[in-house]
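The structure that follows is given in the form of structure tokens.
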Amino acid sequence: MGKTQVYEVKVQFGDCDPAGIVFFPNFLRWMDASSLNFFMACGLPPWRELTRTTGIVGTPLLEIHTKFLRSATYGETLHIHTSVEEWRDKVFLQQHLIRRGDDLLCEGRETRAFVIHPPGEPGRLKAIPVPADIRALCG
Amino acid sequence: MGKTQVYEVKVQFGDCDPAGIVFFPNFLRWMDASSLNFFMACGLPPWRELTRTTGIVGTPLLEIHTKFLRSATYGETLHIHTSVEEWRDKVFLQQHLIRRGDDLLCEGRETRAFVIHPPGEPGRLKAIPVPADIRALCG
Amino acid sequence: MGKTQVYEVKVQFGDCDPAGIVFFPNFLRWMDASSLNFFMACGLPPWRELTRTTGIVGTPLLEIHTKFLRSATYGETLHIHTSVEEWRDKVFLQQHLIRRGDDLLCEGRETRAFVIHPPGEPGRLKAIPVPADIRALCG
Amino acid sequence: MGKTQVYEVKVQFGDCDPAGIVFFPNFLRWMDASSLNFFMACGLPPWRELTRTTGIVGTPLLEIHTKFLRSATYGETLHIHTSVEEWRDKVFLQQHLIRRGDDLLCEGRETRAFVIHPPGEPGRLKAIPVPADIRALCG
């Protein structure tokens, strides 16, 4: 497995539900932020720049499998450990482990693809092979 | 005052905070939805179409003043009564009254403007005079 | 398989991201709303009442597996078809199919449990066997 | 005016709307986080502890007036400068200035109150005079 990047989250009052714990879709919101943070921390330029130079417009999510082991509440600081588990031809598997200190709270495994707009079709998205230079940076 | 359009919201568990009541930024999220719903209900085409025919890209919010009178919780159905209080040259004042039955929970007064991208400057937004035909439709 | 209940969602501008499509955690937020709506539509009382009579405080999510097949954007109306695929001793598998007309956009499979606070431990949650009367109502 | 505390926000992709800019209710979500952070940074204990020792359950928002001067987008870091402008008998006025570097993006003025549950009425909230020791800490 390649590099791991860590993204920090401070849980806010408004992230929690009437049971007093994090409303679970917020964990997925934070995983999405950590997915993008991973690429920036590995040295990729911001998407806006990447779009201009390579046509890549993003890494949309195709699938996510998430397990919830422990809850969290406001005032706590969490750390999301993000890495790429596997690079396939047209997709990659990204793993997020959300920890509070040594405790694992939540784990997510995503399947994502790099996509472009096909020439002349601004309304469509098409997966492209993972660029070799990006893969090398995140190695 | 002109037309009033009503937008319905069913409060969900995840809209509420650890105090068991609606987390207040959600009221503003719903007012934004009701602002757009107002124009659609008055007969304007979807923004995507309006952009193609008139260049108008939206009605960004310049200012909002909101009062919270009563709280709400999940399982409740709310109704947002939206109207335009005043049309000025380049801005308009939109009012939202959020009710649960006869009770007024929250009121918001917004200042918004119709904006376009100035020719040759796709990254900028510029307010334009309120188009007479839109004003007539919403009258 | 037992009953299917349908929950309607009107996609708002603010539910969408800079790519112009629904930001994916919102799909999970809507699945959570549909999960609760399923039980209410099958005839269970609101959780607040259920808590008083049975001690059950909710059905927290243990695991969710979600696939994204097509995107959605604002102005569209979606329908979430929710059912229980399987009742096990202490957990149940709930399925959500999010459709726009005949198109399947997204499917989610959740593992949830009915939980109570163990006597004298208000800060803890404990899974209980799925109550037979609830299972019968949702059958 | 008393102390100013600064709360940092890194704008995420999912905080932005189809116009590519922060969806405005998120600014209010961050102001709420900064309001609570202000009290913690001034030395108050977490609400959960404050509730046990004083009965105070929070500082609900009664009114907010917000102006939007400039937009923000993902990848940017913002700083919210929060202070109490005025202490009145039963309410206080809290000001939030959201800056990106030297630019002021958004300002919010809130009216909030310290509330307790009246004895024997767990379902109600009642404003109390601002406690002198809290006022001194935040001075």
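Lettered A, B, C and D in written order, each chain numbered from 1.
Everything that follows uses one rule, which is that contacts are C-beta pairs under 8 Å (C-beta built on N, C-alpha and C of every residue); 3 or more make two chains touch, one makes a residue touch a chain.
Remember, predicted model here, so these are calculated numbers, not experimental data.
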{"item": "Between B-D and C-D, the pair with more C-beta contacts", "value": "B-D"}
{"item": "Centroid distance [mean C-alpha coordinates] between chain D and chain A, Å", "value": "29"}
{"item": "Centroid distance [mean C-alpha coordinates] between chain D and chain B, Å", "value": "24"}
{"item": "Length of the line joining the C-alpha centres of chain C and chain D, rounded to whole Å", "value": "32"}
{"item": "Multi-chain contact residues (two or more partners), chain D", "value": "13-14, 19, 23, 25, 29, 32"}
{"item": "Overall pattern in which the protein chains touch one another (line/ring/star/complete/other)", "value": "complete"}
{"item": "Contact set on chain C toward chain A in their complex", "value": "19, 23-26, 28-29, 32, 57-58, 60-68, 71"}
{"item": "List of chain A residues in touch with chain B within their complex", "value": "13-14, 16-20, 23, 25, 73-74"}
{"item": "Chain A to chain D touching residues, read off their complex", "value": "12-14, 29, 32-33, 36, 40, 46-48, 75"}
